[in-house]
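Here chain A shows up in two complexes: once beside chain B, once beside chain C.
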Partner chain A sequence: MTQYGFHIDTSRCTGCKTCEMACRDAYELGEAPSFRRVCEASGGSWVPAGDAWWQNVFAYYVSIGCNHCDDPVCQRICPSGAMRKQPDGFVILDSKRCIGCGSCAFACPYKAPSFSKKLNVMRKCDGCRARVMNGKEPICVEACPMRALEFGDIEELRKQYGNARDIAPLPDSSYTQPNIVITAHRHGSGVEPSVSVLSNFKEI
Partner chain B sequence: MATLKSEWPLLVFTTLSPLCGGAWIVASVLTLSNSFSEARGLTSGVAGLLLCLLLFFSLACSTLHLGKPTKALRAFMRLGNSTVSNEVFMGTLFAACLAVYLILASHLNESLLVLNILLIFATLFATLFILFQSLAYRMQTVPTWNSAAFSLEFVLIALLGGICFEGIFIEVAFDVPFEVKLVLVVVEALSCIGMLVVIHAQTTVIMRAVINYGKRRSDPKASLTTWYRLGTIRVVALVSGSILWSLGLLIPNLNTFLTIGGGALVFIGIAIGRYSFYRSYINVGLPQ
Partner chain C sequence: MKSSNCKEKRYKVFTSTRNDLVVQPDCLIDSEQRLNDCTKSIFGYCSVNCEGRCVLNFHVKNDKLLWVESDQSIKDGDGERQIRACLRGRSIREWINHKDRLSYPMRRVGKRGEGRFERVSWDEALDAIAENLKRIVDTYGNEAVYINFSSGVMCSNVIGFLFRFMSMYGGYLDSYGDYSHSQIDAAIPYIYGCRDANTPADVENTKLLVLFGDNTLETKMCGGGSSIHLKDAIHKAGVRTVVIDPRYSETAANCADQWIPIRPGTDGALAAALAYVMIQENTIDQEFLDTYCIGFDEAHLPPSAPKGSSYKSYILGDGSDKTPKTPQWASAITGIPASEIIKLAREIASSKPCAIYQGKGPQRQANGEQTARAIAMLSIITGNVGISGGNSGSDFETYRFFEAEVPMPDNPVQIAIPVFLWTDAIDNPAQMNSSKGGLRGADQLNVGIKFLWNYAGNTIINQHSNINRTHDILQDESKCEFIVVIDTLMTASAKYADILLPDLMPMEQPTIVANDWAGDSGYVLMNSQYLAIQHERRTLYWMLSRLSERLGFSEEFTEGKSEEEWRQSIYEESCMEDPDLPSYEELLIKGIYRRKNPKGRHIAFEEFRKDPLGNPLSTPSGKIEVYSEKILEDIKGYKLEEGEIISAIPVYAPPYFEPGAADKERFPLQLIGFHHRSRAHSSYGSLDAIRQRARHQVWINPRDAKDRGISDGDNVQVSTLYGRIQIEAKVTVRIMPGVIAIGEGAWHNADMEGDRVDKGGCINTLTSSHASPLAKGNPQHSNFAQVTRVK
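Here is the complex of A and B:
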């Protein structure tokens, strides 16, 4: 079984949100929440340097959608059995079974599922499964102008880019075992990554 | 948080349904132990009917937060799929069993054996319903809900609210020996003390969650301040309500409204607790 996953290069991402817009456009999301969101992590302050003051403010971006986790908390909590991890590794929401209770949205630490007021059920990223089956890449990956997103067999991605899955402001990967590989921005990596906060929490 | 606007039916459901479950268990124990001559009147007749209507109302409310309320039974069909589906299954079974018992109780006055078997089954379903409900919010990714303190709250709502509910009926419509009333008051007092301990433990859980995960919120201190304020009102309502209810039940010739008023205060305290619960939602990950 191939488990697909995403490589997210936060050192390349400029926060342009083309991935988000391409996805919204392809799936005609209208006013519904996006399947993919771009989080802005920022930090830094004024620091004394001799007799002068210097600043070390920074910001970096993390594009995040459904990570088709190995231990999907949304599936564990779903009362109607609508959320299912498929043999091909995608976590798929069956909208015909969904009753729109929102339990998955409460539980998912990546906020992947969201309620569609139009359809009265939950919706989430399906990894562009239909496109992938036809040998194409997910629309967000294809749209990224900085090539900060990559899609493929997660084992291949890990061989190429390593096993890092954690970066602020994302939750600890041990909760759901997400199928992502992160190439960290210089302020989000290292032994002691810089302290940052999610600056655009209202937007996402 | 948008949750409060959309999840108010759940607030009503999680306030009333454990209360109904607890009230039924109390009424059932008093009936089966034959604690007083008219004890069966607590599970049948007007008292049973009101309890049944309240339970059906709370179950109906639970479907109103769904995108597709008419498809709610899909969760009922998925026993074992998740703690929420187990809760829905047991709640429906409890309500159905209660309704059948009420119908039979009005027609089979002589067949006590059949009625008692149904009564035991309904009580078993009520107990399992409260158990599954207490586990339904245990999400590892929601530190403010994933704690024993919040699970125990459901059990204490059942005890505290259930005894209060039945105590009001006893005071209004039944002639009950003082010893039985005393036992109810002692259990109520112990439940109230238990609830105070639970509220204290919940506050610790919320404080930890705000410190560890609340940094991403616009104003984490504000949510903590709101928790403290609501907690204070909740404690005052629960304690004063329990005292008034107990006095009304134990001291003869006191106004019945004292018992009813005390019970109402306890119910308000319980409802504030449920409101605080939904308001205190914090996820380990990205904010909702």
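Here is the complex of A and C:
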């Protein structure tokens, strides 16, 4: 059985949000929150030196959606059994069972599920499972102008890009064992979460 | 039944951690149903003016547009890149189906700018245009008719018909330049004879990439365009990259090993100090300068040049200003520590080759012409011109192979104004002469603009500097007597129309598009099927055909052809010039024809470098003109105002300001614009999905924000001498202290009869309409402003 996952190359991402907007268009999300969002992380400070300035500013972006985790906390907490990891590795929402209570959204450290006022149930990225089954890539991956997203067998992706799953401002990967591989931006590796601030709160 | 259901539910609660419960397809709400439920895919493209042109495939069922996919014509790889649309193209469905999409011809009922209109029939609308055009031409002559600069539809076969139409109806007041790069376009040719640079792919051959204000990764986001080619080149060769910009731009964030923040408008001072260090340390390429250039030092000045007027004399302080351009001198001006300037100078000098490029930001300043030349000097003194891995110092070039245009008779009116001075040509035509007004083809304008055409453009309000001034000029109906706007949405400019006509989008009509900035990967795109036409929307050609009937030259104008027939004949004209192009029928089927630069990449002035005598430049001397006699010749008779600088050599020329505009007490912060990802200029500016997620904000440093009690996300007012806007604050370390930045293109939205506070946050409510001295270009990054928190 293949467990699919995403490679997120933060050294290529320009934060353009094409992944997010392509997904919104394809799944007609309308007023609903996005399945994939792009976090801006930045930090550094400015020190005056006479008329001039010294600084150590940095910024980078992390595109994040549902990571179809090995230990999906959304499934653990779901009171109706609607959120279920499938034999093919995708974590899928059974909309007929979903009662729209929002527990999954509350529990997920990546905030992947969200409530749809229109449909009265939760919604979440399903990894474009239908496309993947037809041999295509998820919309977000196919859309990325900078080729910062990749999709495939997580084992293959890890062989190619390593095992890193953590980068500020994402939560610690030990909570849910996400199926992602992260290539760190030159400022993203080894950065203490405390100095790297999520800088676009209103946009995500 | 009821109780067993309950039991079942309770049971599921406790077993929900099982992985073997397969969700049945009918319980899925997303991908399966929606994405596999389309009967038809229609090929098209996004063709706004972002310097990319991207493939879009429209998935349609029963004439309803369901979703949009991008380029699927090839597999994406390093050798060939799919032409992927950015967030805007992927959101185009909201534009096409926009609730405010113009659907019927309309006539203004309120004052200009109020946006009050009544629906009229096509006959009424076209009759009114024909009558007024005839009246104005009869009364004032064709010189009084102007087609305003616009770039909302970048197809080869659309707006050309308007110029054809006017040329056949006796002509129109012509124009030159644009709002993108007027200053650099006027300036660089004085050095090299033309404006040229290497293409992004060549960056892989350099040792050091230095970008002055270039933000390719945000301004050219097309996934088959400059951004991906530049990123691929930097990535492939691990090129060390330095970005010089007041803002930690996306290009800086993504590519820069070092970011050097600089005060806006002072790039020329940095360039001078870098040159100073290199001259002092004798790391310049003297042999290159002696062989290829004139005017660098006293020994190579043209005979007409006075003593002490060489570039080297200027830099070392032996020129008329007696000021050595030391790193300390530049540090106080630019805000860059002197030691950083020395370090950068040494790095540039020791990196062979070194690629120095500038974006279009540094030149979009008052005196930006001088800045463009000053930056190019760094390529020249280091001998990096005309070689792979080097550059001319100008902005990235692109490969183009396809040109097609609507057949165009000569314009009988031989007078042209710079595009930036069209409001002056309405307001004060007597002032429009060859010096102040940059008028070409006549000494003086005889009459102001009385009839204004505006097709797919937002420049009659939004994209032109000093909106409050423009508003006052346009509201006076005794000045410009008639305005026709043709567009898809009620833009800020459309509100000023006397007659407003509903346009079709490029995917709703037969169009053809060539690549814009696409590195070395050129292409042509053509659609064969169109999205369904709704309501009374029509093509520009349809409108003009019916107007030409009314004015009695329809046979000549249309030649009896339909839109499709014209497209075919225009394309086949291009095939005559370029037999390798596919046939019209073949392109119709495929939609896309790609052609890579046969040379692999473009190296500017390569032939000249190889053989300067055999392949001279098109400058008067045939050499690189560090000292330009031509520039002095061209400005004879100019009366420069205080602060305006046009110099034979590329001196540092600080931006100048109109009286009161740079009053540091009232306006202590420098304000620049930039190209934000949410819009291509003002195109896509009204889409909610984008506005919520790629937010329109003023960037302000935490130090400046703290002084003003401003927190991230606060609503603030930004004011200059010219106006006030309201906007959300982005408090970020990514902007230099003392500088604020606002993305250009947001739609102006103010009560013009009331407080005039622009709640749309358009930067041009704040900018000056005083043109740059040489190019008569827009100085939209030369501003001083204040920011206050809105309580």
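We take it that the second predicted complex is superposed on the first by the 192 of 204 C-alpha atoms of A that agree within 3 Å, B and C clash if a C-alpha of one lies under 4 Å from a C-alpha of the other, contacts with A are read in each partner's own complex, and residues count from 1 in each chain.
Everything below uses one rule, namely that a residue touches a chain if its C-beta (ideal position, glycine included) is under 8 Å from a C-beta of that chain, and two chains touch if they have at least 3 such contacts.
Keep in mind the model is a prediction, meaning the values are calculated, not measured.
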Partner chain in contact with A:140 - chain B first, chain C second, else both or neither: neither
Partner contacting more residues of chain A (chain B vs chain C): C
Touched partner set for A:181, first chain B, second chain C, both or neither: neither
Contacts of A:8 with chain B and chain C, given as first, second, both or neither: neither
Chain B versus chain C as contact partner of A:171, first or second or both or neither: first
Partner chain(s) touched by A:121 [first = chain B, second = chain C, both, neither]: both
Which superposed partner A:64 touches (first chain B, second chain C, both, neither): first
Chain B versus chain C as contact partner of A:78, first or second or both or neither: both
Which of chain B and chain C A:53 touches, first, second, both or neither: second
First (chain B), second (chain C), both or neither touched by A:157: neither
Common interface positions of chain A, toward chain B and toward chain C: 76, 78-81, 97, 119, 121, 201-202, 204
Chain C-facing residues of chain A, complex: 11-18, 20-22, 24-28, 34, 42-46, 48-55, 57-61, 75-76, 78-81, 83-87, 92-97, 119, 121, 123, 126, 128-131, 134, 139, 142-147, 186, 199-204
In the complex, chain C residues that touch chain A: 9, 12-13, 15-24, 26-32, 34-36, 66-70, 76, 84-88, 90-91, 93, 217-218, 221-223, 227-228, 231, 235, 248, 250, 253-254, 257, 259, 261, 331-338, 677, 689-690, 692-695, 701, 703, 712-713, 728, 732-734, 736-737
Partner chain A, residues of chain B touching it in the complex: 6-7, 65-68, 71-72, 74-75, 78, 81-85, 88, 139-142, 215-218, 281, 283-288
Contact set on chain A toward chain B in their complex: 37, 39, 64, 73, 76-81, 97-103, 105-111, 115-116, 119-122, 169-172, 175-176, 197-198, 201-202, 204
